[in-house]
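Right after this note come the structures.
The two complexes that follow have chain A in common; it is paired with chain B in the first and with chain C in the second.
What follows is the complex of A and B.
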């Protein structure tokens, strides 16, 4: 049965127990960080930071808000990273966890480009093919053994919950109804349903959550057209080149847009 | 806490002021989340928009050090509204359960009369004579004014005259009204910078908790206590909560959110200079005999409605002496009272005074302080005026640091910029176990004493504090034994010390049992005492701390509910140890017959989870939660209920004082006060019930270092009796116009030794930083992330600028004041190092507690 994390931003105090618990359970080394004028750290997700909290100050007619947003893999149903992976290293479990088999990962980085949430990170050199992809795997080892993910277990204010996805959706909907006007549930329908659900009561853009996230057309192309015919050498080479080209283009466009 | 964490969930209105629970009490914060889920309104009042403020329904900023002005404004609002709409308030509570109706000495004068001062000010000695700060005795006649002040004058009845119409101009209610009439919303703004409309929104919201059946809660922390008027700030909360009928009820009260897991326990066991265990007064050099001490500190009353619990002081001090001196304490030798060390009356032995004495020599004997033991403490980071602290440490012959890590204090001799060869202090570092590497109790904010088990072995030679202390005392005893001329030799040698042989494991159960107390004579000799009501003043009982009496009992003393569930409730190695109970069903105090079938309504008391002092009472002052007939004001959340003589007793929580409902021959609710009621006006009645040093009512004074030229309220700018050690170090607004405050962040803990050595936490909060408004940053040409220097008369520090919308300049009726804030966790040792905020904090203290002023001082800032 599909599982999901429910993240209630309206209850989150950004204590970041989740960040520390994630590192502890997954045995991830600390990063050397700097204070750059924010509580937020590490600055970005990385191969050893699979979960981080984003801090955003928003000021408008309603006064000041300090928003906290969970940043980690969303475990999409329509997961671009799974579709695009040429070696089938990125996979989904029946419960909806998107995980990675690093034995199979060649570090091509297609998943990085395919992710609409900018989550997967590589460690190692892409050129030598020794790179590997890292990201939140929803504590698959814990979940497979009947436990909640480490972040959920540690959350002191009860902003995180974990269970059957349909229960989490129902609970999120009830919470949204309770919170009223500005509240909304994010992740129920996006990309055929995320396995991390967000309850927020500020606009998605303030939380920097993409409205209507989509898997890039390049991925769709690879998945629907090239991959079926492409398991011949020519197909792989051509497809790979084409994908590389499109990814590079996409990156150039992103760079131009100042992202 | 008057209540406990779980009970916070029962609140209708929560005001967090001078605290930041989402940040500094992250686990306990979940109870606030529960309250909000049940519909409670959360108000946060703080100079800075904090992580707690981000979750609040209503946030109001105030400048650091203006809490009394803000709360005074709320008190005025409530008094005015109460007169206009008495139906919205619990007037029975106000007239019967507080001293609102008590008449005050006619010669009492206060700040409205004396331009900011109270009657009796002695300018030369910076102190008050408090003889007029008391009640008018009911025995007074025209022409013969008798104050209620012990020893009572002839004709005195020991009871105040009362006017329950609250109209007499000399009654407390009218005096309170006059005192706070000046605290208008405009004045609150002029002093605190709180916008008038925000202040009024807070007032209108929180005042709703005054309705019968509604509960308002005040949660505070060090943002209140770390001020030169910290004690008066807490008093102001007490006044507001009594007026609103919020003390004693479920979801109400005043909660001191403790910032360290066992700081409540350390207070209970008297790691303070003015008390001995169980909040008994410290004997002083003039207490020549035990009786003299007892006469001095035991409150008296002539009020038949008052239970005056402290009348039991002789039982508690005698039992304590029996615990300490055992067989050497007898009736014929004053229970060895003469062995107890007695400081000179009036002499200050608190933190700043100690470090001043260290640097300058003892003020009386002109002798130096030779050695210092820092037991889990890191004063090089945590003390005010850190540069002074470091100079003081250099004067020591020896220093012992007992800690889990090397600390700034233990390596002060090789700190940056210092030549170790110039420092003669011999430093010993004793490695200690962490709290999870040993067993014993921890007492939480809600007074729950909880047994903890060891879950891991400690590293290397690390040992439990208890074992180190045991070895140390055994060695001290040996030295005294060997030296026939040693001072107070008998006192040291007679001290009960039978925990374990040197070098051996000490079982903390043995200590806890001693704290609980034993019968020492008679047929029960050797048995544990089941509750402080059984303690005696004739030497037949021993008790290391009367408020903990009943926490550890013999199997035969278990109550009916415990007995019925004995096997499940008590682990075999902790039979009778009530602190080890983990009964998660909320059955109320079933030992009193409050089982669910008896009609107990669960409100989250959890009386069989751990043990709570006093007497396992979860909500203190709970007699104020019921009306004069013993029926709960709030029938949704009944703390206790009187079922009359026939039914036998009170049900629910352990009722305060037992007995009958007030109108059926019972007692007034506030049993720890000799007048039996809560004090809106804090009278001066004697040693234990002395007024605070700076007045019977809280009055706003500017912090010692104020950005203003004058106090907008009166000609008395600063609290006239605060303790100032270094007047020459006062930073003034001409050079240092910016207000600064120190605080903590969730990622680090206290002086940092436990968290600045943890890489995952250092990753999240890697560097010392200074928070400031965008406006101030623009004025000083500082960009977010720049390195900045903050300095004042005491020193300077460098840190990263964190420019934020969460700080705003205060607009105080045309005057703009900037405030900055900084965490105080950093120092020069450990994985993450940085400058200490306490380099900047002043050596001034509250006149009652001499707690340092960490929260409001002046400085200036520039780009590095």
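What follows is the complex of A and C.
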């Protein structure tokens, strides 16, 4: 059954307990960071930071809004990363988790470019191309054993929840109704359904969440059109050459016999 | 059968040909592991990528080196593969009958490179440029490119693979397997072909060679050595 995380931005205090819990459970090293005049830290996701909180300051009619947004893999149903991965090292499980089997990963980085949310990160050498991809795997090891993800378990104000996706959608909808006004649910329909749902009460663009995210048409052209066309072209050419060989040889033998 | 042979490819040209062939085959095979999901498990460790990159360096350096060593010959080659005329059209029309049936009557006499060889050279030239251009982006500028541009680079790389790869199959077949191309492979290995083969396959070129040979024989001190192609 499909599972989902629900993130309620209206309850989030940006304590970043989830960020720390993620590092702890997945045994990810800390990063040396710089003070950039914001609590936001580190500046971006990396191969050893799979989850981080984004801080955004927006001026609107009522003054300044200080927004927090969870940033990690969205576990998309229509996942660009899965479509382009040559070895299917990134793959989808029945529970909707987009998992990465690092043994199989070739480090090509195609997934990095195909993700509409800019999530996967490579660790490796630019020159040799030897690399592996890292991203949130929704604590698959914990979920498979009946536990909630580490971030959800740790969240003090209860801004994160985890369960059957249906239940999480229902709970999110109820929460949106309760908040009223500008509140909305993000992730229910996007990319055929994300497995991380967001409840927000500010415009999506203020949260820097892409409105109508989509897998780039170039990815579709490349994977669904060009690749099959390639097999077709090579097949036809190879078949033509085989035919040519048989005909040309038969005619040569015949010509010799005729002499 | 006379045992008279004429030189078709110089040692430099043959070295260049086989170096770039080896590099291209290695590139094609290591690239195939990413292209075809069924073979992709071979690419898992990332070793094929390193091989792809080493071969890519050879693939880029070989033509540069040849150009530096033989600029005149290189320019001549480029000029030749882009010179197309009436004879080429006639060749294309007559080619199916010849390659299937062996009907030589309609084939116009060809210079040292026939129309088909020129066609292959043009495709190889452009796909090599495409591979190198997009490959360098995919290799070094991955982080600088926007995601959309990167996808297009891989798409063009793949397009070159499909078009160049299909033509490479035809080239390998005609050079080494087709029953009538008896001395094509030999010409690129040993550099020489028999006078008969030169006459029937590259009539225009053979005429020039024969004339030059005759002139050299007539000239006192002439060694009978002709310009190699």
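Quick note on the criterion: the second predicted complex is superposed on the first by the 222 of 259 C-alpha atoms of A that agree within 3 Å, B and C clash if a C-alpha of one lies under 4 Å from a C-alpha of the other, contacts with A are read in each partner's own complex, and residues count from 1 in each chain.
Methods note: a residue touches a chain if its C-beta (ideal position, glycine included) is under 8 Å from a C-beta of that chain, and two chains touch if they have at least 3 such contacts.
Values in this document were obtained by computation on a predicted structure and should not be read as measured data.
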Is it chain B or chain C that touches the larger share of residues in chain A? C
Going by the contact rule set out at the top, does A:86 touch chain B (first), chain C (second), both, or neither? second
Report for A:131: first if it touches chain B alone, second if chain C alone, otherwise both or neither. second
For A:38 in the superposed arrangement: first (chain B), second (chain C), both or neither? first
Would you sort A:17 into first (chain B), second (chain C), both or neither based on which partner it touches? first
Which superposed partner A:65 touches (first chain B, second chain C, both, neither): first
For A:215 in the superposed arrangement: first (chain B), second (chain C), both or neither? neither
Chain A residues touched by both chain B and chain C? none
List of chain A residues in touch with chain C within their complex: 86-89, 103-110, 112-115, 118, 124, 126, 128-131, 216, 218-219, 221-222, 226-227, 229-230, 233-234, 237-238, 241, 244-245, 247-249, 251-252, 255
Chain B partner, complex, touching residues on chain A are 10-11, 13-17, 19-20, 23-24, 29-39, 41-42, 57, 59, 63-68, 156-158
Complex contacts: residues of chain B adjacent to chain A: 22-23, 26-27, 29-30, 33, 49, 51-55, 59, 745-747, 759-767, 769, 783-786, 800-806
Chain A touches which residues of chain C in the complex? 33-35, 37, 40-41, 43-46, 48-50, 53, 99-102, 139-140, 142-143, 147-148, 150-152, 154-155, 158-159, 161-163, 165-166, 169-170, 173, 177-180
